[in-house]
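Chain IDs A, B, C and D follow the sequence of writing; residue 1 opens each chain.
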């Protein structure tokens, strides 16, 4: 039985609490949030105690922490929890600064504690299935990875301002997915981008439409495209072209009803909300974390994975700025 | 908060307990099973007490019972629970005898307690979506309903012998679905059938492959086909042809990965296990039951629906026997 | 080089002429039609001569005739052409009377001439592919055949009156397909039907919505459903459930564009017109006829196939009338 | 009636001859080929005369020429035919040198003759349908175009050497498609590429796997990826993400049969051969040319379109060489 403390009771903390509820060998012992009502609500649902983050980190009756607080608090919490010997499940991004992620990685390594970076999409049954088939050689050597990733609608402008920009906030998931599927580190990043969805986003110094090309030392290629808007739902598609075949994962629709009329054959839009779209992924992610910690195996993706994705996002931002290909 | 007692802690009782765990306004208070280990296991998972069925039915701290015991015990449990004023969620079939279902219906009506017959498929998001669109007039008047329903593999012969036969055991779900979608009562049933999957099933006096044609007074038609075997998973498809269009629900596959090679484009088999295939349906069914009881509205499908499906299954069996169309 | 005379220059005669134009080893030498302008138009397109039907049948420079005239003229043309030693490609139905088809079959057999009954759907690449895979054992023994067949819209009432009724006019294609795919003769036919599309069709003594169940001696089952109206195009689907798997052919859409918006993912309607939907089938049918005649092998489907489909249609009509299952 | 001379009786000349055979208002009057047997074969099939290219260009009984000869002969034939007042249908690429295409464009403009550059894919019913819907505003402003284009297998090495390289030989189709769908000229081209399919291609100085990013002045983005090999057929997919929705065209499969077994649901590979895949496109292209010439409207794509696609291919090649984004 893994005893868990949840740091941050917002939307993502609640998702992880629900996942834990469905596991037989894990339990939420305590929750913490700077906003008391949020902590109270989650405590009521889980039957857990309310404590401060510091108390949770220091507690003897807690084995692991789930960090779902704002990004700028991650650094201190990781340093504290690692030093206290807690296993750590940390939401992405670990930090906005690659240097600070390196610092965390050192602390985590020194402490020898398990650490999982919350790139939940790796646990999506379809994407995980694609990766497994690549590893088993089903399509031979990977040659071209194509990732189409579009949000249903842009976040509020206030969020954009502090988000670190599209590459660090949104595309970072796709950059991690690219590493996951290319099975080789990208050595070059080229980015283009524009503000086509909302010119205010452009005025805020960010883009809402972007495309990145990654290349690896052996010549593998990955193309990613992002948009902050998709009228037909949360568009999340991946495909991998290999020497012996193609693997692809289509969107997941809201339901499987098809309507045929004079206008043609119509199916539902894609699942619109990320929690619903990745519900199975979040559950599998937590199951993996709990299994790994209980069995003494290192969970994945590691903090190193968190760092490398951040470096790719930084490189993409630099490429967009300079209009040149960049080495990450 | 609806306080529930679970009668029968086998596979289906566990499913319902899991559904209740995901609802905020319902709780399993007590569980009962003739086999103590089964009751103990479910009690441990839910935190509920172990009691006898009689004690649950008589208890003041219980509002509703979920009946998931063997079919031949349903009658007495329904009579007892109804008289005790409990809301009742009863697995299908209510009873193997239509006359005894009528008896139960009288008791339930006299007691004025809410009653839900467990035709879970009505709550499948896709099938429910089809019914809703029919009701909203999206395809005009219903004309032809087609139901293709095939189990992954036949049950053990020992089960076949006491199952009541394919029409009452397996097709009864499709017969209920036909009533749900035709929006008009069938007035004629014609059945054909044979033992193509396993000749032992034929020797046991049953069929494993069957087709039924239903017709309504206004001339609507429903075709159902069943097989006790499908190599490609649990095959569950429905379509409705109406005056203004077609509605259909395709199979749900194990994942959404597609592999393309020289052999073509291949997707996963259909979800193979009924609990997995109808997981969302079971949850929605329990949510509906709890909502209905708490809000004082009658849950659906009713005990009358249970009776009418049974009468259609009886008619199908009679039609197969006589090789004649039969009035239910 | 097969020298062909076309008898009947209406829509179907033109289709066959176009098919022949695409074959290198066949040529239209002469055309005939009771309506001179029709003959002239086709002669102009093909470069063929205009002759009378009798002259074509008697001609030394003609090897084969394609009969696409009204059904009631088939009998005499077949008798004449067979006696004259011509290979015969005759549109379905061979005749409305099974007895007269038997007469034709005798004449054809006595004359030893090749004869093809124009059940074009057997040559649809997808349906032919299904039959080939069944024959090769890809899905093991056939158990259940499901045929969904719906016309875009009903023919004029005037046509209905002289059509022989839905079973002989429309479902006969599906009855032939059932024989093609069941690989065993049906021994029982049960039909239901109603006039849901247009009550005038009912008043004319016909149905526009119908379902038939066929069973074979070994217990194989076929379900067919027909409607005279489908808002979403010409609906032509077939599937075969076997001991080791399922084969199915989906509708062919007008194009392969998909549009995604807030309303969902929409593809085009099904190809609406039978000539367009079965264009490839008509070409393959003529290629088969020409190949068979030139190589001295009997073309398929035979006149016997034409007879058996007609007997099934007759049985379906009798079943509808008597509301009893009928032996064909 | 448009009287046409075919220059070049190889594979593509034969395709165009077959298209013309299906048109009522066009006719092949004469054919020419440096290899007499090729000319004889096509003359036999079409009933056309054999002449020299010069004779065809000079002939009074010919209105238009179809140029399907080797690329290095196009220049002289275009100069000659334009000066002789013939309408010109010229296979792509017009020439390997952008400067020489400019020369041809001047001659064509001066002569005032109709000119079509043979980018056949614009006439594919699905791709043309996408462009039409964009023009009609169905998805709002275009934002991201994604083109996935993979050949079944690489051409012989001998061909590669004289092909002009992947960008000019293969991707030029996709570059034209990008212009067709972006509805705005690309102002920047960035290319990456490698030899993953066959290292010999790399040694020959070319790539077999490549990706290009195009951007327009207003910030629209197009991503193209190419491979010289696809085990699952000729992979030709396009999608356009716009402000109000998504348009996409899936691959066309060899047939529409689906097989379901324990291995899952399998459909046929993609049509493997470009003539089969684009059969409808070739026919529509010729129909457009004939209609345009007969009605006095300029056919499309123009020689200017041919030039601009070539400039994009040149830019892509330069970008690959320099590893920098390039202005076309």
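Everything below uses one rule, namely that a contact is a pair of C-beta atoms (placed from the backbone, for glycine too) under 8 Å apart; a residue touches a chain by one contact, two chains touch by 3 or more.
All figures in this text were calculated on a predicted structure; none of them were measured in a lab.
Engineer: Consider the two chain pairs A-C and A-D; indicate the one with the greater count of contacting C-beta pairs.
Structural biologist: The comparison resolves to A-D.
Engineer: Chain C and chain B are one sequence twice: same or different residues at the contact, by the over-half rule?
Structural biologist: same
Engineer: Give me the rotation angle that lays the C-alpha atoms of chain A onto its copy chain B, rounded to the nearest 5 degrees.
Structural biologist: Copies differ by a rotation of 180 degrees.
Engineer: Would you kindly tell me how far, in whole Å, the mean C-alpha position of chain D lies from that of chain A?
Structural biologist: About 41 Å, centre to centre.
Engineer: Any idea how many Å lie between the Cα centroids of chain A and chain C?
Structural biologist: Taking the average C-alpha coordinate of chain A and of chain C, the gap between them is 57 Å.
Engineer: What parts of chain A, by residue number, touch at least two of the other chains?
Structural biologist: 231-232, 244-246, 260-262 - these are the residues of chain A that touch more than one other chain.
Engineer: Can you list the residues on chain D that touch chain A in the complex?
Structural biologist: 141, 143-144, 146, 148, 150, 188, 190, 192-197, 209-211, 213, 215, 218-221, 223, 225, 227, 229-232, 235, 241, 243-246, 323-325
Engineer: Could you list, by residue number, the parts of chain C that touch chain D in their complex?
Structural biologist: For this pair, the touching residues of chain C are 21, 24, 45, 125-126, 129-130, 133, 138-139, 244-252, 255-262.
Engineer: Which positions of chain B touch chain D when the two form their complex?
Structural biologist: 231-232, 253, 260-270
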